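Per-chain residue numbering starts at 1, and chain names A, B, C and D are given in the order in which the chains are listed.
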Amino acid sequence: MATLYNTIANQSLERLGALSDGVFAFAMTFLLIDIKLPEVEHVRSEHDLLVALAAVAPRLLAAMLSFLALSIFWNGQQTQLNYLKQSSRDLTWLHLAFLFGIALLPLSTGLLAEFYLFRTALVAYWLNFLLLGALLYASWRYANHAGLIREDTPTAINHAICRRVLIAQCLYAVSTALCVFDTRLSLGCIFLVQLNYAVAPRWPGKQNKPA
Amino acid sequence: MATLYNTIANQSLERLGALSDGVFAFAMTFLLIDIKLPEVEHVRSEHDLLVALAAVAPRLLAAMLSFLALSIFWNGQQTQLNYLKQSSRDLTWLHLAFLFGIALLPLSTGLLAEFYLFRTALVAYWLNFLLLGALLYASWRYANHAGLIREDTPTAINHAICRRVLIAQCLYAVSTALCVFDTRLSLGCIFLVQLNYAVAPRWPGKQNKPA
Amino acid sequence: MATLYNTIANQSLERLGALSDGVFAFAMTFLLIDIKLPEVEHVRSEHDLLVALAAVAPRLLAAMLSFLALSIFWNGQQTQLNYLKQSSRDLTWLHLAFLFGIALLPLSTGLLAEFYLFRTALVAYWLNFLLLGALLYASWRYANHAGLIREDTPTAINHAICRRVLIAQCLYAVSTALCVFDTRLSLGCIFLVQLNYAVAPRWPGKQNKPA
Amino acid sequence: MATLYNTIANQSLERLGALSDGVFAFAMTFLLIDIKLPEVEHVRSEHDLLVALAAVAPRLLAAMLSFLALSIFWNGQQTQLNYLKQSSRDLTWLHLAFLFGIALLPLSTGLLAEFYLFRTALVAYWLNFLLLGALLYASWRYANHAGLIREDTPTAINHAICRRVLIAQCLYAVSTALCVFDTRLSLGCIFLVQLNYAVAPRWPGKQNKPA
């Protein structure tokens, strides 16, 4: 009976997408809302306020880094969902675990912003990325295995989706490993990797088709 | 006139689904955001930070437990909605009451995380589960009674949905009753029950069809 | 040119519905999340915890009252949107103002929960209801006037939507006026009025058709 | 390969709209939720409460100003999305950057509310508006350039969308520049500009078609 229930549950891609958009939207907004503003008592002049705002900068940079990360993972997830013809019980659970990782990101961002000189905070932040990448990879492999992918999906795209996750995760891992020298070096590298995915500069020598 | 208004109101399943996804998305994300990070002043070394993070563990475990619960109830609700052909005024109100229970879960989770050694907190947490199960059961029974279920729904599925809620609630009740020995034993059992629903292991001897 | 822009903007009912569902979902969930739990330090026994939870009761009751209110207004708004064939610039702005009133409700609920013995808090709460009712009424009148209502909408329904808002607002106003005796009397009456709209008991003598 | 991935990613306008609605809904609601209520201890009479509520007024006005801004930008964005036939990778990233600006608004509103007599706070608030306007303008120009606009869009509308952003930004810049006299003068002007966009009064001499 449980088996029967499991075969009928969660076939709807639409509601999975809607839930995901809600979790992403809330996590994205919360990243910035969570930033503490300067206290009124300590500010008596324009100069005081500028100094107080400068002290908020590390928190704002951490929020931007995580906003970029959320944007990249949102793109990754919705590209996958676009190529599915339907969901299944197990695929839905993989995506729910993925959403757990998304909901965890504001927390690990807060940790990073407060303790960015500590390797523990950086590694915790990276583990969050690793979890998200692993689940995105697993959900695509599972969708392939279970025949949930639309028939008109070219093989090249199928491979591109997998390879993208793997390469990104390698770059994040290498960037994080640089914390043996300095955690700020790691963060700089992670930022550059993400910026590369966001801006997607078109290097000479590659053929670029207009989107 | 009131009767006329009531027959026309709330027939839209789409907006009920969208509202539900919003409430679920916010409750899921809030569970994790609500976790307090260690204070900067008390942390002077990597070791301090690891110790401080370990102290956050019970809170994180409670959040995971409730995230699992929200995922299971989200699945339960959307499976029901998938099999409806339309909503009605009364069905919408049953689902709005269900959403009240969902919005209550971060609160009862916070209570549990702070007071997990107290039976009062555990029972309050379980009452939240009971409320959600009872409303899900009532809404499905009502939908059957009011003829809102799609005609192509096999009887076996109709029964499977009811039975699933009843069995899950029995398991939660038995787990909670174990708090006469130790509240941690109860929590362990609830966690195992939920994990069983999430992972849905395929026991040998049952026939499993690929989803 | 501004005129041209105004004629093209905001014709989409779908995105207005989606934005509304988001605001409602967040306001509903926040009502309950905002409740402060007992402090760990003051609780040493099961009895302490029960006493501490009892102290939370007024806050929880206020949250339930406002959750009911949000549910009723959500129903009212979506019933209206269901009968529109399209939106227009001005109608969208009326609904955005309505959403402002919705976003204000957690604030006036918090005020009421803290100061429920003060008439000022009760009147502020009622003004929030009045604002919401007035905007819902204005948006329906405007939709009628601007020809945005679906042609297949029976006249009886058109009138029922208007009358419903007017009657509810009268009942809220009378309930609030009872605060000259006691604010708790007012709150009890408002609760009964809302419960009546939620449960919609079928009085003998009225013809009720199954929905 | 990266190029291939980029051509396939993010063509869905629906999920971009849903994510946007979520971010807007959360930011709108948070603006009002963030307002601190008077402390219970300091209030002993109705008069005390009225005085305490009056002290909340600047915060509430700032929230209203930003709610208006969010409404205007939401209208601006969804009007653009309505005229697109599809999205593309780059357009999606422009809109994600736009959503970053939206998520930033509650923060800059909080800053303005606390420090509305400081030019630094006012300029930070205006920079947030400028960022949003610039991204909205860039995304429309890009959509034109990349051929993503629906073929049936009249040229007049295409121009109206661009001109609207430019004129609004000029008015905001001039209003902000008035802070050399007084920041409150600037805020008054910004409020009037926004009110003009929201109410869209129909000046005599212009031809107005019913929407």
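For the reader, a short list of remarks on this structure follows.
As a working rule, a residue touches a chain if its C-beta (ideal position, glycine included) is under 8 Å from a C-beta of that chain, and two chains touch if they have at least 3 such contacts.
Computed from a predicted structure; not experimentally measured.
Chains making contact with subunit A as well as with subunit C: B, D. The most distant chain from subunit A is C, comparing centres defined as mean Cα coordinates. In the contact between subunit A and subunit D, the residue numbers used by both copies make up under half of all numbers at that interface.
When subunit B is fitted to subunit C on its Cα atoms, the angle of the rotation, on a 0 to 180 scale and to the nearest 5, is 90 degrees. Averaging Cα coordinates per chain places subunit C and subunit D 25 Å apart. If each chain is reduced to the centroid of its CA atoms, subunit B and subunit D end up 36 Å from each other. Multi-chain contact residues of subunit A (touching two or more other chains): 18, 21-22, 25-26, 30. Put simply, subunit D touches subunit A in their complex at residues 1-12, 15, 18-19, 21-23, 25-27, 30, 34, 88-90, 92-93, 96, 99-100, 102-104, 106-107, 110-111, 114-115, 118-121, 124, 146.
Residue ranges of subunit C in contact with subunit B, taken from their complex: 17-18, 21-22, 24-26, 28-33, 35, 37, 40, 43, 46, 49-50, 53, 64, 67, 71, 74-75, 78-79, 81-82, 156-157, 160-161, 163-164, 198-200, 202, 206-211.
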